[in-house]
Every structure is written in structure tokens, then in C-alpha cells.
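I have a structure here, written as C-alpha cells, and I will follow up with some questions on it.
Should a chain be cited, it is by its letter among A, B and C, assigned in written order, with residues numbered from 1 in that chain.
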Amino acid sequence: MEYLIHLAILISIWSMLAVSLNLIVGYTGILSMTHAAFFGLGAYATAISMTIHDINFFLSVLIGIFVTGVVALIFGLILSRFRGDIYAIASFGLNIIVFSIFLNWQELTRGPLGIPGISRPEIGFGLDFIFKSNLHFLILVAVFAFIIYLISEYVVNSSFGRVLQAIREKEQTIQVFGYKTHFFKLTIFVISAMMASVAGSFFASYITFIDPSTFSLNESIFILAIIILGGLSNNKGAFIGTVFLILLPEILRFVGFPTDIAAQMRQIVYGLLLVGLMMYRPQGLLGKFRL
Amino acid sequence: MDSIIPQLIVNSIIAGSIYSLVALGFNLIFGTTKFFNLAHGVVAAIGGYGAFAMLKMFDQNILISIIFGIVAAAFFGWLSEKLIYRPMRKNKSSGTVMLVASLGLFTALQAVIAIIFTSQFKTLSTNVGRTKVYEIFGGIITETQVVILVTAILIMIGLGLMMKFTKLGKAIKAISDDEEVAKIVGINTNKVIAKVFIIGSAIAGVAGIAIGFDTGIEPTMGMGLLLKGVIAVIIGGVGNVYGGVAGAFFLSFVENFGIWKISGEWKDAIAFTVLLLFLIFRPGGIFNKKK
Amino acid sequence: MTVKIGVTLPLTGDVAMLGQNSKKAIEMAMEDITDTKYNYEIVFEDDQFKPSVGVTTVNKLISVDKVSALLSFGSPVGNSVNPVAESQEVAHINFFASDMNVANGLYNFVNYTPPYKDAKLFVSELQRREIKNLGIFEVQDNPGAAAITQALEEEIKGTDINIVANKKFNTGTRDFRTLISEVKNENIDIYLLQASSPELEIVYKQMREMGVQVPVTSIETFEFSSDISLFEGSWYVNAADPEKWFVDEYISRYSDSPKFGAANGYDSIQIIVRAIEKVGNGKTIPTNEKIRDSIQNTKSFDGALGKNLKFDDDGIVVSDAVVREIQGGSPVTIK
């Protein structure tokens, strides 16, 4: 059924966001609240490349990765001098600045009017295949989501990943051992951002229309809620968290809340979930690490 | 163009007084509990809505409505401490965990307000369109704003006197400096912190009511207000109660002059850029007090 | 035989007030229809005015509820629903779109006055009144306002009308005093207030408080102000004219006035029902293609927005903008 395929596509896209944020928050222990900005950069890169410059989707994904990578590098450098709570607030600030740019730099992004008419991915080279049907798109995005999951698993299980977790546990200790922790944190931040950008590119091509509203601070909070629910420093947990929080509103649709208050009820559920989790199970459903 | 400056100054002073009310409460709470309480924003909204309910739904007079609003705000602040933050502190939860919990609380409470009062913007003032205006050195200020300004100043002075001359004030300072030592010396930290939440939240409630009279209230008002308050606090030096006030005015001046020189829609981006600049170049705040 | 029609609206979020208002108008429209061959069930979903949620609700409405037609509100959702409606071949009318791209394709329709019509009329009215210097206060993050301003800038080209200042701000701004200070001393004959409640009333009040006495005007926004008496004596341009009977009926039924888009919603649902009634036999549900053709061929529909409504070849409703003035606290058409 189209509806289920649609939900599966959303889950694939958001799981990329969750898995990538987990790398920073769950494994490295840094509370970043600006992920929606990278999601948005990928989306806008794809949207602008495809609609104005007629660039192939897959190439636009690379453009998005590049642009986001550069921005993340700058952000990472700025944020690297902060610790803990201040890091979170500063990253909020960056999210808001990027959102402001999406909204106000109208010559580039058309501001609130958004960018319509983004096409679905197309493979040239004589194959001439367009991922028009949702089922085909699902297969494509699921493959990419899986690749990102694999990359993430590879990273965390490598020696690089072990350093990250050591940073999370006690940064000063491993600095004593000569590890330049700034470099590690910056690298994972940029990698994570680039993954989020890929999710953004797929989002743009799937919905075929984007506007700034999707990339606000609230979205960053939502992604954070996903990984806290699923369990920090656990990629499977990130996936489960995504499934749960994407399906929750859909299930509530059938519960028969009066439609006028349904969205507010969902907000209440998310909010209370966060509070409850922080109070009683800060490591989430599957996680091992407490914030 | 030089006739605009007095007005900009007046605008900045008014905005600054409201931000400083938020910053004062936030700083008090941060000083003693050492975590960024993001629910502080919704407490301000509760103050505004409490007053609104009394005034427009139960037809009470202005004074009773304002008092009720302040009490409502103080009550919810106290309740959040008792039910959520205190148990978490007992559990040795880190500042980050409590920050996320406060975020959840903020999200949930905001949705509850939206359900009860609807998302519609409402105003507290009754004599709409016919407020008295005064002219000060070429800048225009309304009667309501004069009242707000005077109230803010009185609260600041009152708080200052309390901090310096009362036992409670000294206890608060002791806990801010070092909670463990304060406990050893015999201060009942839980009781003092409870009072801090009551006072801090009451002040936030005043901010919410002030905005309600000046322009109006809506359920989402808390986030924007809170973020500005946080910026003010960071500019002024975290934990430094008067620094927060200075930071609030600094922020409002930069915002208003920034709007003048750049453009209205970039206001938020300007505010956060200022925040980042401070965090990068002067993390101790304007007064650069080492924590 | 029951026919289901899906309606996705922003029932929560920033534009909830408009979404709820339109929901009521649609419900009223269904109550006003009597004696039909089919039973009609309207399924409402909340899209929070967000594109991706719009796609979710519409997918659910089509796959799960098996609706025969769709209504949506606003260009963000309209634009994202457009390809879904097209690929799944379900007729879709968006009744509050400022971006005419929403009508692209066979299955997509827009029931809203295109911004260029508002802009054209506004400019000609300015010329008629010999007003040359225009100041604008514009809400920046609203697609409707952005579309109108774009259209306005197009129409002004080649005339001697001059946009002296365009002060932009985001929704949520409550303090316009600095922006007002900036234009106070400029040579401006009239201010165009492109904002909706509450920014509209606030900017107006603050302008007057600060001693700016120049007349104000708007495109589309005065009529749905929460305090229309503020704009007594001001002229403005509005998209199609909701008929008095509609406004009176809405007010008497809901003790609240209809807002932006309500009349469009009322008409749109009735257009769909009418279209289905025309091609259906009462026993089996007409195919989506037949329904879509029937909607396209709507002729001489008399609705809340006037008589003889129909769609042009692009699927956009043919309707005009009007010039009105607030007299005695109520809108009165003067042209």
C-alpha cells in the first residue's frame, strides 16, 4: 500500500539522520542541536542543483555533501571550544542562523515560497531509469540508508570509534595519552553532517518540494528525541527510535483523538517521553551510555 | 537620520527590560542548580496565560489577574523542581540530562497551553488603540511600556537587595559558589533551591505578563523569549545575576541597531551571531568573571 | 453508497486558526447540501502546514480511507501533494494557494485568486488615486505574502509608482518600532501592510502610536483582522468577494467570522460534490478520471465567492480581485 511505502521512505530518511546524530551525541558525547541545518543544506543543494542547473540527482547528492562538509567544518571549528551545555546552546544558535538564511536569502532559496518541482532521481548512461514510483524510490533510499548504517557501524567499531567513546567518557584522560581530541571531534562532526546532507537530498527529491519550515530547531530536537528514545551509542537503537517516533503520530491518527488537538497531544507525548526517559532511563531503550 | 536614534534607544530599553526579567530568573536558577533550565520559557508563558485567564475568562480586575499570573508561574516553576529536577539531582543526573528533560517539559507544557487556550494570539490589554503615549527626547514610549520599565527596575533592585542583605540571598550565593560546602555549613540546599525556583519563575511570569500587555501572548512565545534570555545570560557571564541584566540590554541594543543597519528579518540571526561571537572571544561574558 | 472526500488542513501549528476556520466552513458546506445521490463522508487530517506531513496525510487518505477526491490548504502542502495526486490520479483542489504551480497537471486545481490579479488591481487603484510613493511592511516568512509582493514588483515595473521602503520582518515579531522609526521621515503617501493577525494590528497600532498618520492599505489582509474597526476608512484589495449570505450564515452558526480561505473551502467541497453528483449514478462510485473531468468542466457554479465560477484550462479558478473599503466597521466593495 502506498501509505506504508511512504512511511517506510520517511523512516529510511530519518534513520539516516538518527544514525548520523548518534555518532556525535551517542558515541562522542557531544550534545549537538544543529542537525536540521545539515539536513536542510543537503535538501537545498539538491533542490537548487536539480531545478535551476538541471544537474543529475546523484551528482547533486555529492554537491550537497561537499557544501555541508565545508559548513560543518566551519561550525565544528567554532563549536570545538565549548563544552557541554554551552555547546548545545551555541549549536542551537547555528541552527537558527542557517534557518534564517534559508528563509531570508530569497534570491537563492525563494524563502517561504520554497522550491517546487524537484524531480525524482534519474540514472542516465543509456539506462534512462527514473525512480518515479514510490516503491523504486524506497528501494533506492533504503539502500543508501543501509550504506550509511554500515559506515557508521564501521566507524564506531574501529579504533577511531574507540577514541570517540573514550572522549565521551573522559576527554582529559586520553588527551594525556597524546590524542588530539579536537581533530577526532571535528572529523566525526563533519562525517555526521555529510550523512545528514544525504538524507536531505533524498527528502528533497522524494517530496519534490521543500521549504524552510522542515529545517527548524524543532526538527533538531525531534532527531535528538529519536536517538535518546532508541538508546544512545547504539545504531540499532537509533533505527528503532526512528520507527517508533515516525509511526507514533500515524498510530495516534487512528486512536480517535479529535483531529484538532492530535498534533498537540503528540507534542505532549514527545515532551513527557523525554522527561520520563531522562528521569528513569537516560540511556534509552537499547543504549548503554547515560548522557 | 539622527532623529531615529532616540527611538532606537527607547525601543532597546523596553526590549532590554523584558529580556532582563527572563535572564534574572534564569541566572538565579542556573547559579544554584548548574543546569540550563529550558522550561523557564514556558513558565513565562504560564504567567501571561494565567493573567489572561483571570482577566478575560473570569472577568477579574487587572491587579488580581496579574497576581494570579505570577503565582501560577511561580507554582509551576516550583512544581517542576519538586517533581522533576530534585529527584534528578538526587540521582546525580548531569546538567545535560537535566537540560534535555527541561526541553521535554517545555514541549509538553507548551502543547497543553495550546490545547486549553488555542494557538490564537491573545492580548491582555483592554484599552486597545488608545494607550497614552509619552515622548522622551524624541523617542515615543507608551504608558504600558513605562509601567513595564519601572516594574523591571523595581524587581532588579529588589532582587539585588535581597541577595545582599537577607539570609536567603547569602544562602543562594553560598550554594552558587559551592553546593557541597554550603551543605556542610548547614544550609538546607533543597529548601533554598525551591525558593530560588519560586522567585525565578515568578519573575519570568512577570515578563510573560508584561509582554501580554505590551503586545500579546501565544503558546509558542516561550521559546523565543527563552533563547534571548539565554543569550543575555551568556553575554553577561553565566551565573552572574547582574551580568544577565547587562547582557539583556546589550543584546536588545545590538538587535535594534542591527535591524536599522541590516534588516528586520535577520533579527534572530543577528542575536545568535552576537552570542557566538561572545562565546568565542569572551566566554566569561562582558565582565569576564571566571567561574 | 458512501463517497469519501479527504481534506487535509493545518489544524495545529502556526496557521491553526485558519485551518480550524476552514474546517468549519467545509462542515457548513456539507450541511447545506441536501438531496444527493450519494452519502458523503469527509475525512479531516491535520498537516500542520508542513509539506512532508501533507504528503503523509494525503497518502493515508488515498490508501487507507480510499477517498475519491482531495482538498488541501496552502501552497507548501499544495506543492507537495501535487505529485501524489497526479501519480495516484486523485482529483485535488487546493483552496489557498498563492503559488499557481500547485495547479500543474491534470488532477490538480486551485481555487484561489492568483496573486497577479490582486497586484494588477492594486497598482491600477494606486494610479487612479495618483499615489506614487509606497511604503511596505511585509511579513517575510509567509508564502502568500511573498507571492503577492513578487507579483506587485512585476506590475509596478514601467509605472511611476515608487516603492520607497520595504520593511521586512518575520512572523512572531511584536516590536516594530525600530522598523517604523526607519521610515517615519520618508516621503511615503501610503503604507501597504502585508501581514495577518496579530502582526497586522500590532504594526498598525505602533505606527499610530509613533505618530505616523499616513493612510494604510493592504492586499487581502484587513478583512480578516481580529479588529477590523482599526482600519475604518481604509481602502484595500481583496481576492474574490465572499457573499454576504455566506458570512452571515457562518457567523450565526459559529459565532465567529469566517477567515481567509473559508469561503474558498466552502465552494471547493461543494464543487467536488457537485462534480461527483453529475457523473455518478448513485450506486457505484465514479472513476477518478470521470470525477476529475467533471471538476474541470464545472460551469455556472454559484457559491460563497460569487456566481458562475469555473476553472480555466490550467485548473485555476477564474475569479477576480476587488477593491473594498471599511465603512462603519464592515467591508464594502467600491469597485
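Here is the rule we go by: a residue touches a chain if its C-beta (ideal position, glycine included) is under 8 Å from a C-beta of that chain, and two chains touch if they have at least 3 such contacts.
Computed from a predicted structure; not experimentally measured.
Compared on C-beta pairs in contact, B-C and A-B come out with A-B as the pair having more. Of all chains, the one whose Cα centroid sits at the greatest distance from that of chain B is C. For the pair chain A and chain B, the distance between mean C-alpha positions equals 31 Å.
One inter-chain figure worth recording: chain B and chain C are separated by 38 Å, centre to centre, where each centre is the mean of the chain's CA atoms. Touching two or more other chains at once are residues 12-13, 16, 140-141, 168, 170 of chain C. Residue positions of chain A with contacts to 2 or more other chains are 103-104, 261, 264.
Residues of chain B in contact with at least two other chains: 114, 263, 265, 268. Residues of chain B that touch chain A in their complex: 35-36, 84, 87-88, 91, 93-101, 103-112, 114-115, 223, 227, 230-231, 234, 238, 263, 265-266, 268-269, 272-273, 275-276, 279-280, 283. Interface of chain A with chain B (complex): residues 31, 78, 81-82, 84-86, 88-90, 92-94, 96-97, 100-101, 103-104, 217, 221, 224-225, 228, 261, 264-265, 267-268, 270-279, 282, 290-291.
Against chain C, the residues of chain B that register as touching in their complex are 1, 3-4, 7-8, 10-11, 14-15, 114, 118-121, 123, 128-129, 131, 133, 140, 142, 211, 214-216, 218, 220, 224, 256, 259-260, 263-265, 267-268. Contact residues on chain C toward chain B in their complex (touch as defined above): 12-14, 16-17, 140-141, 167-170, 172-175, 177-179, 181-182, 184-185, 197-198, 202, 205, 208-211, 227, 230. Chain C makes touch with chain A in their complex at residues 11-13, 16, 20, 23, 44-46, 48-52, 55-56, 59-60, 62-64, 75-76, 79-80, 82-83, 87-88, 98-99, 101, 104, 140-143, 146-147, 168, 170.
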